[in-house]
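The two complexes that follow have chain A in common; it is paired with chain B in the first and with chain C in the second.
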Partner chain A sequence: MGLSSIAYDLGSGLNGPMSISHLSSPRQQLAFSAKSCSRACITVRAADGNSGSMRAPPSTVRASKLVTNAVAVKSETASIAATKSGHELLLFEALREGLEEEMERDPRVCVLGEDVGHYGGSYKVTKGLAEKFGDLRVLDTPIAENSFTGMAVGAAMTGLRPIVEGMNMGFLLLAYNQISNNCGMLHYTSGGQFTIPVVIRGPGGVGRQLGAEHSQRLESYFQSVPGLQMVACSTPYNAKGLMKAAIRSENPVILCEHVLLYNLKERIPDEEYVCCLERAELVRPGKDVTILTYSRMRHHVLQAAKSLINKGYDPEIIDIISLKPFDLHTIGNSIKKTHKVLIVEECMRTGGIGASLRASIMDNFWDYLDAPIMCLSSQDVPTPYAGTLEEATVVQPPQIVKAIKQLCG
Partner chain B sequence: MYRKMVTLQVMDTIFYDAQRQGRISFYVTTIGEEAINIGSAAALNATDVVFSQYREPGVLMWRGFTLQQFANQCYGNEYDLGKGRQMPVHYGSNELNYLTVSSPIATQVPQAVGAAYGLKMDKKDACAVTYFGDGGTSEGDFHAGMNFAAVLGAPVLFICRNNGWAISTPTSEQFRSDGVAIKGQAYGVRSIRVDGNDALAVYFAVKNARKMAVEEFRPILIEALTYRVGHHSTSDDSSKYRSVDEIEYWRTRRDPVARLRMFLQSNRWWDDENEDLLRQDLRTQMMSVLHNAESKKKPGLSNLFEDVYDVIPQNLKEQEQETQAIVGKYPKDYPSDVPLD
Partner chain C sequence: MVLGRSFEDMCAQMYYRGKMFGFVHLYNGQEAVSTGFVKCLKPEDYVCSTYRDHVHALSKGVPARAVMSELFGKATGICRGQGGSMHMFSKEHGLLGGFAFIGEGIPVATGAAFKTKYEREVLKNDKADAVTVAFFGDGTCNNGQFFECLNMAALWKLPIIFVVENNLWAIGMSHYRATSVPEIWKKGPAFGMPGIHVDGMDVLKVREVALEAVARARRGDGPTLVECETYRFRGHSLADPDELRKPAEKAHYAARDPIIALKKYLLESGLVDETDLRSIDKKIDEIVEDAVEFADASPLPPRSQLLENVFADPKGFGIGPDGKYRCEDPAFTAGTAQV
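And then the complex of A and B:
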């Protein structure tokens, strides 16, 4: 079918301009690999670690390690940095690992979506799960997004913990009725009698010439719906952690993935860990300016940072992770230190995450700002098909460098 | 069963009048459809999960929701299980397996299929039941829900109250198919059409359908033909689009409650005296229940912010504090019966 062939092409053609092999630490290798989707996956059984804890602490950077590198080495768990343990995998495999672990842990967890069963999902996130858990727990649905999202809501209200996979986030616009009118609402309107612990996930964002309908950034549309939580993953580490946290949460959670990040490789811990849904990730500490970003733009920011650091700037980079609600604690602490903010997002200018974040920052941290908050976003246009035009709609590293120069002088 | 039908009828009449008098803000009656409500409810088990549209309070009534609870929800007072967050008639009770009513049409249909999917996985001796009107069968959710249920082999009952009208749209303008039962056939779902005003027919149809659904893991569609005697809701005046004669005819000559009454009386199981006593008693109960509900406090302001999430997040806490501060500062501009806590 049409869309699946696109998915395959994406898998094998990702070694273009996005290779970032700047990190020298053996533990942290972020490299896009040109692997096809049928690559054998490395599934390492997680050892029993933190099993009861829902709040494994993910991310404060150890400042002392960062001096010699252009971009800071992020050590999520210091103990792992010391040894070479952990296992390497791609982001889509990390998602699958998280999903599989949760399905093993809790028999109520199930997956619904188009082609998630034997086909393994368009981006192979559910590959192998149908064989392992059966057809009913990994359910192939007919093509009716509003309805299978409705099914998930109904199943969640009566005791299951479903994960809905949208083949592409843009298709979930068809499910908007169920998500807004029911998913976000029924816990409230039933007086707390019914909970809706669903996870709605799927790839969004601008890909490689997928066309306007397949390049939607739904985070803008969902951010206003009360009752929903929304997170965006950007690395294999946080992808797995957020998947697990989202499944364990009692609230409906939207997990935004990005089409171009599925083949991102990273070494993640063997032990079980869960990320916090409401906490932002401090990617690189600094003192000149706070750069807030999420999803794929994190990687563009990191690339720009190389250039910025060479020019003598010291940016503090925060991956906001939690799009709803914002982690104003982490963001605020950063702003109090740097007094300048640049938001880099892939959303459209109007009504995007950046727009809301700006408003939140102004409400809360106005007194700490030395300059107007800058925001780099995509233009308010449907994403064109032509590669050159498409690239112009996404914020690129040179733009980020220019913006920082403007902001910091 | 008959008593419950009468109770439903009396409740509807009195609550409707209460709305007209300004005592409650909104109401939706079930007049003319009592047989479907009670007949189907009686044929289900207490563990069957119900996803209703909004014209099925009889099902909740059958399961034990008290008149006081109905009134509390309509008044949105502190005893309302929904904590005052929904419009009147949007009842819900976790305990009685009746999911909180959500107004958008037919959204409950795929949800019921989802619940049935869960029941099938757990191998429970229960089914999911969903109700909707003739208008609901035009929604995309209805079609996909039926399709899914058939493909999945989900134990769900689709009960369509074909009452002839979707607000002002008659069925002749709603679909051109031969009613709703044929739509089930198209999806491979066993369907049956029953006289929705014959309580016993509805009872037996649902009873058998339930058995098939649960034992054979298949969905069943039941089209119950009836007539919406009342207006769509208290915001509607149906005489604007249909003749008063038509309404009167169905209200008097085709009343399902009267029909069952005649059947019972002809078998000497009921008589006029019982009837009068029952209605009298119900009216008194109803009035006191309304009065009771009216006098109760409304839920406190904190209920505005709770249950949006499982744990109240920081931004909502801030918004709550702001709101409390404003209401505290200008109490005259806000309702006096809403406690600040």
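And then the complex of A and C:
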């Protein structure tokens, strides 16, 4: 049977991530859904359709290929190499592709930020765009985050569609006044007269020994601001799709990228597609436990999933994508099936996305839970420089494995 | 100017009668600046203000009824009652706010000016020449956003005029106690733009400077910084006991009341006579009375308005547990939905 039977549906799912109900065979449905499977463990379960216990002993599990590196590896499956449609690129290129397509489509779309123009962006997301679209459409700003973010708000109010790049999400703390007061609020305080279709994007999260200030996990800081939407991309496919969706949205959107994910490689469709800003992504269907995650932690979860699956567990993995608002439908359907939840996030424990998500789940799905919601967050410490300490700050795959064992027995 | 003065006086009355609430900042004494500048503008031009924005709104053409309703918190207010005294916005009249934190409107104004430049140079619309006027006070001139925007506006030659309404006091903080170099107009040339100092109590002098600054911006020659020496006759807000300012200072500026000064000039030069002025006063009184009546009679915002304008695209409230977008829930339009 081989791996060629694994669903790698490039042509489908173009209007939104991860709906696998269209796949015909049960075997296909049990495989990982397409967009993430190039890096995930591709395990084919016994195809007898009689699922029974999801924790069948290892001998009956036909684990075929164990991909050792969960992050940024070239796809090894024959079917993928054989597939000619689509094109491979890295996540930062996917972001750039989405941005370029939207700039071509609508002349009001413009980018502003530090070093986005001539330098091409610190993470090369805007490389080549200033040469193509001109210095005014890809504006190199002086180092004045609060003011140029406010400038983007004013430009949006009067008809443009600006994208603000924070060289690092942490720098946008300087723009907090404008983000909270103006981006979030002006549509409301003006009684609906002015729209603020800005996109605020930049890399955040813990990198490789970048020091505390460049390694901030700021999702929770912006979470409470009314009037903002917040999404986090985690693969080239959803990076491009979310970038396009965020630009097209009439709402102000914060697009959280991650420093360590920019070189992730994936094959994405040639045809145009846009992801949905409010919908979560079902990465791997399962029956034992619901794992909710986002951004870099998705890849740690997938790495942990390899060993979990080998041990006979069947986790359902959901990348929540939308950090604000939560897609309670996808999340709820999963909880109704598995009755156990583990949240794995890079945010701090206190007041983090996980804390919010836990509250939401308890409010809505209390009756479906068989166990307390577990949440693995990063430590409430400023990210240390030393490598060993930094590693201990964020959630690592062995912790995830341990947590699932604890949760599921 | 008379409209501004009568309107603000009426606001004070209404506030003490419990018709409007919160922080209300009145513009009495500074009318010459607003009239002087805003009356030079075209309807497509933009004005960006601060919390002391009632008169800027009136000058730009927002009907007195809409402003008064907004102050009363009624649904017929210019911002549907959702903004209040400090957040006057009008898309129709190009009023970009209304901001409570000082300095945060200046970048917004800079963005509107940027949009004019973008429209000309990227969208190739030769007729795009909207000018933006940003009003703010002396206290703001020590704030980072002020300097950051002076830099960017001069750097990109944006069509913006930075108008400082220097009334010497930031609540209880004297300008001289807060600023190392009190002459704000000197800071313009430091950033590469002209810095003008004008008597803000004289509407004709303000207008002269304004016409030149607006023409300069419209030509594409870039920004101007204008410092208007002015004074507020009332306290910072209606809650301010105003005990720190010396009576001598207040008397000095009261003698330079812009309205009285203009009246004197008009009468002395024979441009109008007493009856003309009295008929203007009468007309204004009618407008203000009508505004109060209209506001009084207007309905309060219904509960259904609570969630309506949070997002331009209400899908931003997300997908509920039942799989439908929350904004599709009937309770959403009723304003009682759980979001």
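Following the convention adopted for this analysis, the second predicted complex is superposed on the first by the 326 of 409 C-alpha atoms of A that agree within 3 Å, B and C clash if a C-alpha of one lies under 4 Å from a C-alpha of the other, contacts with A are read in each partner's own complex, and residues count from 1 in each chain.
The rule is simple: a contact is a pair of C-beta atoms (placed from the backbone, for glycine too) under 8 Å apart; a residue touches a chain by one contact, two chains touch by 3 or more.
For clarity, every value in this text was computed on a predicted model and none was experimentally measured.
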After the alignment on chain A, I want to confirm one thing: do chain B and chain C clash, or do they fit together? clash
Once chain A of both complexes is superposed, is A:383 in touch with chain B (first), chain C (second), both, or neither? neither
In the overlay, answer first, second, both or neither for which of chain B and chain C A:193 touches. both
When the two structures are overlaid on chain A, which partner does A:182 contact: first (chain B), second (chain C), both, or neither? both
Touching A:332, do we find chain B (first), chain C (second), both, or neither? second
Does chain A have more residues touched by chain B or by chain C? C
Thinking of the overlay built on chain A, is A:150 touched by chain B (first), by chain C (second), by both, or by neither? both
On chain A, the residue positions that both chain B and chain C contact, one per complex: 110, 136-137, 141-142, 144, 146-160, 177-178, 181-182, 186-195, 226-227, 229, 249-251, 278, 325-326, 328
Parts of chain C lying in touch with chain A, wherever the complex brings them together: 46, 48, 77-84, 87, 89-91, 96-101, 104, 106-115, 117-119, 121-123, 144-145, 148-149, 151-152, 155, 308-313, 315-323, 325-326, 339
Considering the complex alone, what residue numbers of chain B touch chain A? 49, 51, 80-83, 85-86, 90, 92-94, 99-100, 102, 104, 107-115, 117-122, 128, 140-141, 143-145, 147-148, 151-152, 306-310, 313-315
Using the touch definition from the top, list the residues of chain A that touch chain B in their complex. 110, 136-137, 139, 141-142, 144, 146-160, 162, 177-178, 181-182, 185-195, 226-227, 229, 249-251, 278, 325-326, 328
Chain C partner contacts - residues on chain A that touch it in the complex: 107-108, 110, 134, 136-137, 141-142, 144, 146-160, 177-178, 181-182, 186-197, 226-227, 229, 249-251, 277-279, 322, 324-330, 332, 364-365
